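One chain, subunit A, links the two complexes that follow: it is found with subunit B in the first and with subunit C in the second.
After this line comes the complex of A and B, so read on.
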């Protein structure tokens, strides 16, 4: 019984290890440290975006605007960093938080559906990004890039460190703070939360503000990876982040899930692209693999839920 | 009397529970048999087996003497068994007629196109036969709870079942609607149908049932003719204890002598409440009675700030307070337990999380939860409330109704309320759990809290509160203080008269 519970909680990591083992059996290149590091580096932005998305989904909503906030963040950074690094970092963060706040207040106070609101915001931010920079480019200081991505003995310490910090912060906020509890309660049912004396409007607004903020952080990291700004770089992030959150065990309707599962799913998603690349399969197969994996995992989980229901009856 | 339905040696166990063990009984033609027993006594399991949603471990079901293999709800329909359950089963945005013929629209085609006039006509005929006057073109979401039950009944009766199972269908209805429903049920019995009736209101059992089958812990205690037993006798059978033990003793508080702590002045809500003035003293239990839907629940919600008042002031200890949302109500130490447990509990969350939810702010350091304090407070209160569960990490959905209600109480008690608002605190619970809730309420009052209840069950109204306020059409119709000292039968009549507005 206890083993089953552990497997139920950590299945995504077991799956990750299985995928890694199979991949390293198929291709010797996968056994190299550099490949592992690439996976880590590309996991960081998705993991950070998924942290905000995870909060939003746990609260029972979606955020489709994360991708274009992230892209806008790289664009702003690529414009402003050449003058002043501090402004180049703080301006995108501030902007991300403000956009998230606008999302949040419109959704919580003015009752606009989150899907529509963030969908609209996605287009607006994309447009602003393209107006500022319609081709990838701009200047990102090499000192900044080095700080984030420098490898010592093939190990990129900073990304690894960021990933671990993000994991710990995410889990801590969800499990050990009043805010986290409130998010779960709202996701379960906002009427119950309201009746329990929780300020639903405030928490909901905060959740979207955080999501905008984390998307902007991810953008800052990605601008270092690309060494430029790109207004179209975020197109896959809304779906990838939602995929990661759901694959990691968070219920799409909200109220149930955690962040460690999401990180596991992020690692799997970024591994797939690497593996397909290494074994020389057409990169478009990655999409098919991602989609199928998501469906299979959710199907398996629903199977488990069904058993639980019967036991309750 | 001819045998219609017979069950033989039915047993069913769930993990950790023997829900039914070797149940044998016979249901005859043209009889209304009430299934009575506490929650978890096995009533629902028996019903679900007859409806084919649960497969028994052992035992057989016979219909008209032939063994029936009921494996699904459609199969049950084929065998002539129909049921109406407590939970709503109508589709909100479909008309009454479409709801009645859901799944059989194909029968009403005109040249391959669905003919609404045919459906409406057929539905009208069914409702006319039942002597029910409801517009069949109306959308189901516009129906009152009582009308919904009637439509669900019509939907079931359309199959012309021989055996009719009614599981707690009166739980959300007022006296008038129940009377109407009972008339229809009696007509069906006189047509020779077998009716299996489940209700937690014993008065209804006496009103309508011919026989009572008493279940306890999955076994049949006794099957008896209802006319051969008194209410008290039946209660004793159901739970093995006496009525005087069900309700706690009132300790005289004397409403008038005690000073009012909470005062409501000139409260108005357009179309719901008119000019309400009410005082509640420390340690007093006040019950709002009257027919359902005459403003009782709205009054509680208005005091809690959950719905907006048009005018009206609330005073605590002679000082005016502004309460326009639940957050402010909580800050003024007011708690509200609603009549829907699904509005109180996050079902997929653990007991601990649910209990902690309303009082999160009381155990924090800069927004971080102090885990040890939370664990201690939650386990202390659950011990005090006598919650039975494997652990505090158990999911709410695994608890019985009584335990769920105790979790709701625990959750609100951790906010340390001075005024407790409860809408039907014991609704849908079995006798044992009801009794526990009554004792908890009395204990809280004795600790000095003020309690304002909404009650509709007459036994509760007569035995639980210190004072009864009858609301009619949103106004206070009459007040009865010191009800403990009056003759209960006289009082019951007076309360009923005030409820319907006869003097």
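After this line comes the complex of A and C, so read on.
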């Protein structure tokens, strides 16, 4: 019983280790440290986006606008960092939070469906990004890039550090704070949460604000990786972050799940592309693997859930 | 006595929605006609509607899925799959079997979605998202962008009877058929019942799983049909990859059109006939913005804002209805007390 519980909680990491072991048995290139570091570096933006997405999904909604907020953040960083680094960092963050706040207030207060609201916001943000910069480019200071991506003996310490910090912060916020408990409560049943004294409107707005903010942080990191700003870079992120969150064990309807599983899923998703690349398989197989993994994991999990059989159908 | 008297004062949301949408359409068209004199000719309007019909056909399937409270993200991918496979197998000749294969593939994809959602109880969003990823991968691996549409398919897609393109007639025909099915048959009523409350429908003897399964099968079929007409319309297959999946543009436009039409995500409200308005508003707005010479960025911003504002207005209507309901309750209490 106890083993089953442990497997239920850590299955995504077991899967990750299995995939990594198989990959390193197949191809010797996968055993290099640099490959591992690439996986870490490319995991960081998705992991940060997925933190906000995880909160939103736990509260029972989606956020499709994360990708274009991220892209907008890279664009603004690439425009403003040239003059003043501080403004270049704070302006995207502020803008991300404001866009998230607009999302949140429309969804919680004016009761616009989250899918359609964030879908509209996605188009708006991408449009603004394209207005500012319709082709990739811009200037990111090399000191800033060095600070984030400097490698000492093939180990990029800062991304690894960021990943661990994000993991700890996410777990702490979800499991140890009143805010995290309120998010779970809203995700389970917002009417009951309201009756037990939680300010549902406030929490829901805060959740979307955080999601916009984290997307902007991810954009700042990504702008260092690309050393430029690109208004179309974020198109993968909304669906990928939802995939990661759901693969990591969070229920799409909200109220159940955690953040450590999401990080595991992010690592799997980013390493799949690397592995297929190193083995020399057509890169499009990544998509098939991603889709099948998602479906199989969710199907197995739903197979275990018996109590809801009556409720769903 | 009071009940009958007050019922008249109840605001009918459906009628209001249709009035808002059609008046908006008229205003948009008139404004465009004043700004650009070439716009308000019958020929141009027909061309726009002709452009719209492919999106309209794929939105029919999406509407039915959303009516059950689900969502189908694999619509665009299924469309482009039928597009690519059809072109590959047809090779510019009139053959019936490739078309049947395409429709069969659409049915198969729908059936797999249906099995996943109804029998394995995977949430629709996840099931169709995974399906989209799998389709995206397999199309880029196995399908080649080669081949042409057959002459008959091309005639059906771009040919005209008199002045009216055949595709518009097909679109209207399919919409009428689906409207009749949704409004007048047992199946349609079951779909609405499941959308409004799956547990209640289960206890009233509806076989939810079978109905949901067929809903996704129908959506897959309509996507495949739309894909074939897309092939006929463009003549050669196109594979657009954007936004993490194949044909995401088509999927999201279809969903946006359904929602603008007044079908709501929680299910059971709206209908296939309303989606026509949604599709038309979306496309006509787009074509007007293009005519104004607006850049892609401006179009994206306007599209996003319009979607948000229209859905915001619907939510206001909902609140209005709630408000009128409150007034009615309050009046009833007063009548009882006096």
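In the analysis below, the second predicted complex is superposed on the first by the 305 of 313 C-alpha atoms of A that agree within 3 Å, B and C clash if a C-alpha of one lies under 4 Å from a C-alpha of the other, contacts with A are read in each partner's own complex, and residues count from 1 in each chain.
Just so it is clear, a contact is a pair of C-beta atoms (placed from the backbone, for glycine too) under 8 Å apart; a residue touches a chain by one contact, two chains touch by 3 or more.
Note that the structure is a prediction, hence the values are computed from the model and not measured.
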Examine A:192 and indicate which partner it touches, taking first as subunit B and second as subunit C; both and neither are also allowed. first
Between subunit B and subunit C, which one contacts more residues of subunit A in the superposed model? C
If you stack the two complexes on chain A, which partner ends up touching A:3: first (subunit B), second (subunit C), both, or neither? neither
The shared contact residues of subunit A with subunit B and subunit C are 311-313
What residues of subunit C sit close enough to touch subunit A in their complex? 71, 116, 118, 120-123, 125-127, 129-138, 140-141, 198-199, 202, 208-209, 212, 242-245, 248, 252, 255-256, 259, 264-265, 295-308, 311-312, 315-316, 318-319
Given the complex with subunit B, which residues does subunit A contribute to the contact? 176-179, 181-182, 184-185, 188-189, 191-199, 255-256, 311-313
Mind pulling up the subunit A residues that touch subunit C in the complex? 62, 67, 106, 110-113, 115-117, 119-131, 134, 235-240, 242-243, 246, 252-253, 282, 284-292, 294-295, 298-299, 302-303, 305, 308-313
What part of subunit B is in contact with subunit A in the complex they form? 14-15, 54, 306, 326-327, 329-330, 336, 338, 343-349, 353, 356-358, 360-361, 364, 367-369, 371, 397-398, 411, 415
